[in-house]
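Let me give you the structure first, and then I'll get to my questions.
Each chain gets a letter, A, B and C, in the order it is written, and its residues are counted from 1.
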C-alpha cells in the first residue's frame, strides 16, 4: 500500500464514509449497463437514486454487494475494499443489508425463521439469542404477531417488512433498498415507506432506489438521477425538485410526479 | 386339495418369506436411491463442467436402458472383470443406480424451478453457496419434487420383482417356483398380485401422509 | 479389446433381428394401449359413474401389479385357463398393451380435463351431439396435448419390453443373454445391448418430438409463465 492509499483510508475513516463506489462499469454481452458510476455515502446519510427503468439502478445495487461482479471499478466498505475479494465477500455481505423488489422471502420458513436464519447459519448465533433478536426486529417493523406465519400467508406489505427485518437483523453498516415498493399494491406502499422512513430517521446509512418522489423529498439527504448508466444529476431534494442542473432531470421529475402524484410519505 | 388349503399351507408361508426379501430390497434401495438422486441433481445444477457432464451421461445411460439389462450387467457381467455381487446385492445396487437417475431428473427440475431471487436473498445475507443450497434451495426443491419422486418410489416397489431375474428369491421368484412345481399359475399369481397391491397401497398411503406433513401452509 | 469389438460386430446381426421383435412388441403394445386407452379416457370423463368406476378398477389393477407378475399371471396362468394357446410374442403384446392402456387412459384423461368445459359447451351450443363434439373438438386437441406424455409411455414400454425375456420372447435381451452364455463374454454383449436400447429410446423420443412439431397448432397453449 502506497502512501497515497494510506492517506486516503485515513480520510475515509475520519469523514465517516461508510460506502465508497468508484467508477463502476458493468456490461451484459454487448450492452454496457453501467458506464462509470462513482459516489460516496457518509454515516447516517440517506441517498435516493431515481431514474428511468433500465438505467442500471438495480444492477448498481447488486454490484455493491457483489451479487453482480462489475467489469471495472472498485467498492469500499468503510476502509476495506470489497471488490476482488472473493474469500471474504460473505463477511462483507453480512455488513450490507439488501431489500429486494420481489421480497425474496424464503418460502419454506416462517417469518420468524426468515429473520433468524441469517443469525443462526451465517453469524452462528446461539439459537435462543437469535430467536430473541429476531422477535425484536419483527417488533420494530410491527409484525411480531405474524411471526409464525409463512410468506404465502402474508400480504405484500407484510412480506416486504419481514424482508426488511431480515436484513436489519444482521446489523449491517449500510442498507440497500432496490425499489422496495414497486411490487406492492398502492394501499400497501405506505406501511413499508413508514418503516423505511423510521429507519432513516434513526440514523441508518442507506441507499434507496425508488419511484416514490414524496418519500424521496422527505427522507433523502441527497438524490442522484441515473440515466443510461451514468449519474446525470445530483443534489439535495430541494435543489433537484426546484432547480435541477440538467434538463433531463426536470423532464423526468415532471413525468414521474404526474404519474405518482405528490406521494404521501 | 382344496384351494384354501393350498393357499394357506403351501403357498402363503414361502410367499411371506419372499415378501420379507422384497421388503428388504426396497428398504435399502428407496432411501439410498433418493439420496443418490439428490447428489446427482446437485452435481448437475451446481457442479463444474466435468461433474455436470459425468452425471448427465450417467443419467442418460440409466434412464435410457432397461433396469433388467442393468441388473444383468451387474450380476452376470461384472464377475468377468472380477467384481462379484450376491444376487441380493446386485439387485439393490442396480435399483439404487437406476432410481437415482430417475429421482435426479425430478429433483433437478424442481431446483431449476425455484426463483433465482431465493439464491440471491440467501447470498445477500452472507450465506455461502453450499449453505444456501442446503438450507434454502433444497428444502423447497425437495417438496416440489415429491410427486415425481413418490411416483418413482412406487415404481421401485413394483420393479423389485426383477430381482428374481438375477436369482434373488423375492416374492415373485418364490411364486414362480411354487407355481411351476404345482402347476397352479393363476392361483399363485393372483395371490402374489394381491400382496403387491397391498404393498403398493401401504407405500402410497405412507407417501401421501409424508407429503401432507411437509406441506408449507399457504403454498399451493 | 479387439476381440471384444470383433465379438460385438459379429453379434450385431443377431441382436438387430431382436430389434425388429422389440419394435414389433412396442408398436403393438402402444397401438393396443391407444385403441383401448382413448375410449377408456373418454368413458372416464364423459361416462356414467359405473362405467367410470369399472375403468378405475381396471387402471388400478394394471398399474398396481409389476409387469413381471402380469406376464407370469397371463402367459402361464390365465391364457392357459381360457384355453388360449398364444405364442409368447403375441401374449407379450397383449399383456403390455392392456397395461399400457391403463397408463395411456390416464394421460388422455388428464389432457381432456385440461381443456376445460368451455370447449364442450361451445360445441354443444352449435348443436353437435356429445359424440361429435368429442370426435371433432375434444380429441383433436387432447391428443396433441398428450404427445409428451405419450412419448414418455413409449420410452417406458421400450424398456419394459426387455422383461418379456422372462417368458421367452426372442427380443434383444434374450438374444444378448443367448450369446453371452455361449461366448462367456457377458460384459461387452450386455453393454452393447444397453446401448441399443438407449439408441432406440432416445431415437424414438426424438421422432415423437418431430411428430409433435409437425402437428402443432400455431400459438396453441403458449402461456407466458413467469418463474
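Quick note on the criterion: a contact is a pair of C-beta atoms (placed from the backbone, for glycine too) under 8 Å apart; a residue touches a chain by one contact, two chains touch by 3 or more.
Nothing here was measured: the structure is a model prediction, and the numbers come from that model.
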item: Chain centroid nearest the full-protein CA centroid; value: B
item: Most widely separated chain from subunit C, with each centre as the mean of CA atoms; value: A
item: Dominant chain pairing [most C-beta pairs in contact]; value: B-C
item: Centroid distance [mean C-alpha coordinates] between subunit C and subunit B, Å; value: 21
item: Chain centre separation in whole Å, for subunit C relative to subunit A (CA means); value: 56
item: Centre-of-Cα separation between subunit B and subunit A, whole angstrom; value: 47
item: Two or more partner chains touched - positions in subunit B; value: 115
item: Complex contacts: residues of subunit B adjacent to subunit A; value: 115, 117-118, 120-128, 131, 135-136, 139-140, 143, 216-219
item: Residues of subunit A touching subunit B in the complex; value: 65, 67, 90-94, 96-98, 100, 102-108, 117-118, 121-122, 149-153, 163, 166-167, 170
item: Parts of subunit B lying in touch with subunit C, wherever the complex brings them together; value: 60-61, 64-70, 72-73, 76-81, 113, 115, 158-162, 164-165, 172, 175-176, 179, 185-190, 192-193, 196-197, 200-201
item: In the complex with subunit B, residue positions of subunit C that touch it; value: 60-61, 64-69, 72-73, 76-78, 80-81, 158-163, 165-166, 173, 176-177, 180, 184-187, 190-191, 193-195, 197-198, 201-202, 227
